Amino acid sequence: MTTYGRGLRGLALATVATITVAFALVFFYAPLDADQGFIQKIFYLHVPLAITALCGFVFGGLLGAMHLRTGDRRWDIRSYVAIHMALIFGIGTLITGGIWAKASWGHWWVWSDPTLTSFLIVLLLFCTYQPLRFSIEDSERQARYASVFAVIAGAFVPLNFIAVRLAQAYVHPRVLTLTGGNLPGAMRLTFLVSLVGMALLYVTLWKYEMAAKSTRMQVRALRRALLGDDGVAPLKRSAAPS
Amino acid sequence: MREERAPGSWRTTITVLRKDLLLELRGLETVPAMVLFALATLVVFHFGLNRDTVDGQLAAGVLTATLLFAAMLGINRLFVAEREQGGFDAFLLAPVDRSALLVAKALALFVFLAVLEVIAVPAFGLLLLGTSLGPPLLGLIAMLLLGDVALAVIGTLVSAIAVHTRARDLIGPIIGLPLLMPALIALARGIGPLLAVHGSSWPPARWVLILALYDVVFALLAYAVFDFLLED
Amino acid sequence: MDPPPAIELRGLVRRFGERTVLRDVSASVPAGATLAVLGRNGAGKSTLLRILATLLRPHAGEVRVLGEALPARAFAVRARLGLLGHDPLLYRDLSGRENLTYHARLHGVAIARVEDVLEAVGMRERADEPVRLLSRGMVQRLAVCRVILHRPSVLLLDEPLANLDPAATQLVAPLIGRASGATRILTSHDPQAALAEADLVLGLEGGRAAFLTEPGRVDREAVGRLYA
Amino acid sequence: MREERAPGSWRTTITVLRKDLLLELRGLETVPAMVLFALATLVVFHFGLNRDTVDGQLAAGVLTATLLFAAMLGINRLFVAEREQGGFDAFLLAPVDRSALLVAKALALFVFLAVLEVIAVPAFGLLLLGTSLGPPLLGLIAMLLLGDVALAVIGTLVSAIAVHTRARDLIGPIIGLPLLMPALIALARGIGPLLAVHGSSWPPARWVLILALYDVVFALLAYAVFDFLLED
Amino acid sequence: MDPPPAIELRGLVRRFGERTVLRDVSASVPAGATLAVLGRNGAGKSTLLRILATLLRPHAGEVRVLGEALPARAFAVRARLGLLGHDPLLYRDLSGRENLTYHARLHGVAIARVEDVLEAVGMRERADEPVRLLSRGMVQRLAVCRVILHRPSVLLLDEPLANLDPAATQLVAPLIGRASGATRILTSHDPQAALAEADLVLGLEGGRAAFLTEPGRVDREAVGRLYA
């Protein structure tokens, strides 16, 4: 039956634990940034959010590709949930980034940073995922087109980052150099724990949503088996597959 | 559950392309609208900017934006006849490779864009540009053609996606614009130096390369997924 | 052994969203025979024809046309299949001749055949006018041309005679009638006429096959119930 | 041989307008899609012009071109459903004043443009504009509304002229763009000073006047000839 | 004196470009009677109906509907006239109910009437789906709704029963059949059926009226010649 429920509790506990540890590290262990002071601590939220979101988009693309390969609708639902969660994380990135930008540069938005700009482009692209789904009535076609979109957009994520990075004259970030370790050790450890916590949170949310969806689908299937087609109220129009 | 592919063939592509060009000649629906829109935009910029001439990166930006929006008009119309007059079904009933339709549409769009540029770029040179188009002409043509490929491929892809949606006139552009962004950046940056006063006569290799690579990657991507967009 | 049937359906299911339009439809049509499909508006007749024409995919069940399984082997049957649906599938801004030439190219048929089929339906003189300006019956004649252009051995005819005048009905009889020799699936809202044309009759009701039998054995009540 | 006029009525106009908005704004996806589109366009301009901010006349030019583009998209679709789905005949069969159709279409286009501006102009202010939109806001709104009237009236007029001609999409822009040009120039010049750093808070009276006069003249002209355009 | 005829044509001429489609057609239909128009594809039947419906203007001759001369007094007859043509004249992206509400508003009819007519053709349950997704016969039922919404006293029916199943034919009989009490002009490609329905028959041939008489007096040969 719902395989998504299995292990969900353990995963959720691990997530809570990791995030708690991360928070403790952020507030009590990581050193205060010399220039930016306390506001810099948003870094430990902002950057893991961004990285998880981007990985989530690519993940959604891979799941979409599986749908196209196999024709099994469940892959589409997985892809949908993956992209949905990644979108939420992405908007979180935008908000935390905006707060940081306002605090440290005085503007909510600047163009000069290629990472920022490419993230915006990617986010703009994925924001069209829901409207696209919404405006296709036939559920099978909806699934297929959404998967095509997921594949293209997933491939677009790295392509876009490369192109935009090349486009900007001065390159000042950071993420990709993070692993290179120009962070002080304490910061680095804190960051890595936060990143793991965020990734766990993403996986937990994904599984949770999948479990809910597949339960709902099974209930509908059972009702249909018991009551026949007409016994099942038609779904409200929704972009969410079910 | 995927269906096996019929043997592909250039013949089919040419047949569809010929039909599309014939329809365009009959109705004169797309290209004139694109051209006139581009010209009007240039005039608007001319008067709107209150500058007699532009050059360098600003000129490149104006040209790119103008071409992009004119292309949008063409992209929006690409599948209208197929949708409204049963062209999709008629094509799907024929024993031919389905991706031929995509290739033909992309070629048609490419032709439309090329025609557009043949008119709009000299007009741009006359109306707005501060320098001569002569010296960098070859480089400019190369960049524009590479840009046209991106516009044609991505435009075809997104309008194939959008055509079966309810809000098709919006869905196409909103998916297309972000996807086109890298290509547009490369195009604008690539022709910027060409349009500068005493500019270079050849675009920076970096941008040519990026644009060309982008073209290739998306052409492959589009070819890979197109079949799924035609199934029912 | 019998020759394999030209068309074979087993447990065909097709849904649109939540609505199941065809459920568990089975039938088998020998080569050269005519199957009439009866049923009320919305019974799923056009849907069935579109599935056989490879335009829609079945959601469950087995569909074989000319021995090839759909949808996997769709491309193999398209060349031998003609669909005349509610929509003529002609570009309105092109002339009849241009439309047919396009289809001839798509089907790899000699262009000269276009003139023959135009002649056969009596549309040669009007073949250079945009379809948009023709009368409805003329458009239907051109649609018949489109369907028979490549000499399909399976004809899927969705109310083929709608809008045709008696003269045109005569003209198209050898092309899409029994005389064409093709296996035919035919829908009609005139049960009498359909029964007269058919070798087999399929009654669709609520997405299910209410009956499938020879015309002689169809009882009037069963037909009446279809439309009750 | 002109036919006498049925008593005109606002009710008819409202009925048609309501139907158009229903068709156009089906579902909620339209407005979000427009937001996305506006944002993406601004990113294009950012890269194309290679500037983080724009102001003054350049900003005005960019804004005007964006609006023109949106209007073109709107104008192109204005009569598509009527032509392809029998809407003209259905309307002509009703015992109502025929010019109501054109008034409704102009209003629909106006609403469409206004909604777009409500979204696109703040986004423009936030992302690309070098100055604040606060001080000149009233003046800006006034100019944009006047501009929308011109776009709506002239757009409707030319597409009504074009819709029954064979090369309709050619005729529309060919007549429309020259007719629109004075209005667009007035619009761009009028809002230029508003968007300048330390700019004025009210557009130059000259441009306001020109634009307003242009609107009035064309509204009257259009109303006078509408009836002839629908006859068969 | 007799009551004035509901429809009167005298020397009607209509051309499209160089082609004269109707030349010198005259007829007169008393109120409440049914005129069947016969003729081959392209004979000008739909053109005649569109002229009477005020959609096309005559190029010569006199046309009176309900005593009002066309095209000058077109607006006066529109409220009392219903046209069911080859095209359903419904927006495909709107639902049946939305389409009919639009027409009710245009015709100044109470919106409640929409439910009544939907009920009458058995389309209430499917009235909220976009027309595009309905079967052809369902669309035709909605088209019938559109036509009778404002209770017209003149019905112009161009092959009204095309695509309707026998059940639907029964349903619409009181609405657009003789029982509706309206003056009707009717085209059909089934001469038998048309003769049975009509009080008067008009045969169009080469743009001219080949005959105009009562069904009982039409000789079979004359009808046969129409389609020869």
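Should a chain be cited, it is by its letter among A, B, C, D and E, assigned in written order, with residues numbered from 1 in that chain.
As a working rule, a residue touches a chain if its C-beta (ideal position, glycine included) is under 8 Å from a C-beta of that chain, and two chains touch if they have at least 3 such contacts.
As the structure is a prediction and not an experimental result, all values here were calculated from the model.
Enquirer: Work out which chains are contact partners of both chain A and chain B.
Expert: C, D
Enquirer: Spelling it out: a chain qualifies if it touches chain B and also touches chain E; which chains qualify?
Expert: C, D
Enquirer: Using C-alpha centres only, name the chain that sits farthest from chain D.
Expert: Following the centroid criterion, the farthest chain would be C.
Enquirer: If I average the CA coordinates per chain, which chain comes out farthest from chain E?
Expert: A
Enquirer: By number of C-beta pairs in contact, which two chains lead?
Expert: B-D
Enquirer: As a quick test, compute the distance in whole Å between the mean CA positions of chain A and chain C.
Expert: The mean C-alpha positions of chain A and chain C differ by 49 Å.
Enquirer: Round to the nearest whole Å and give the separation of the Cα centres of chain D and chain E.
Expert: Between these chains, centre-to-centre, one finds 39 Å.
Enquirer: Provide the C-alpha centroid distance between chain C and chain E, rounded to the nearest whole angstrom.
Expert: 29
Enquirer: Counting only residues that touch at least two other chains, what does the list for chain A look like?
Expert: Residues 121, 124, 128, 131, 135, 137, 167 of chain A touch two or more partner chains.
Enquirer: In chain C, what residues contact two or more other chains?
Expert: Each of 16 in chain C touches at least two other chains.
Enquirer: Which residues of chain B are in contact with two or more other chains?
Expert: Expected reply: 1-2, 27, 166-167, 170-171, 174, 177-178, 181, 185, 189, 231-232.
Enquirer: What are the touching chain pairs in this one?
Expert: Per the contact definition above, the touching pairs are A-B, A-C, A-D, B-C, B-D, C-E, D-E.
Enquirer: For the complex, give me every residue of chain B touching chain D.
Expert: Per the touch definition, chain B meets chain D at residues 27-30, 32-33, 36-37, 39-41, 43-45, 47-51, 57-58, 60-62, 64-66, 68-69, 72-73, 76-77, 84, 166-167, 169-171, 173-174, 177-178, 181, 184-185, 188-189, 192.
Enquirer: Please give the residue numbers of chain E that touch chain C in the complex, ascending.
Expert: Going through chain E, the ones touching chain C are 16, 39-42, 46, 86, 126, 133-138, 140-141, 159, 162-169, 189, 191, 227-228.
Enquirer: What residues on chain A touch chain C, complex-wise?
Expert: 137-139, 229, 232, 234-235
Enquirer: Under the stated contact criterion, what part of chain A meets chain B in this complex?
Expert: Residues in contact with chain B: 68, 70-71, 121-122, 124-125, 128, 131-132, 135-137, 141, 144-145, 147-149, 151-153, 155-156, 159-160, 163-164, 166-167.
Enquirer: Along chain C, where are the residues that touch chain A in the complex?
Expert: Listed in rising order, the residues are 16-20.
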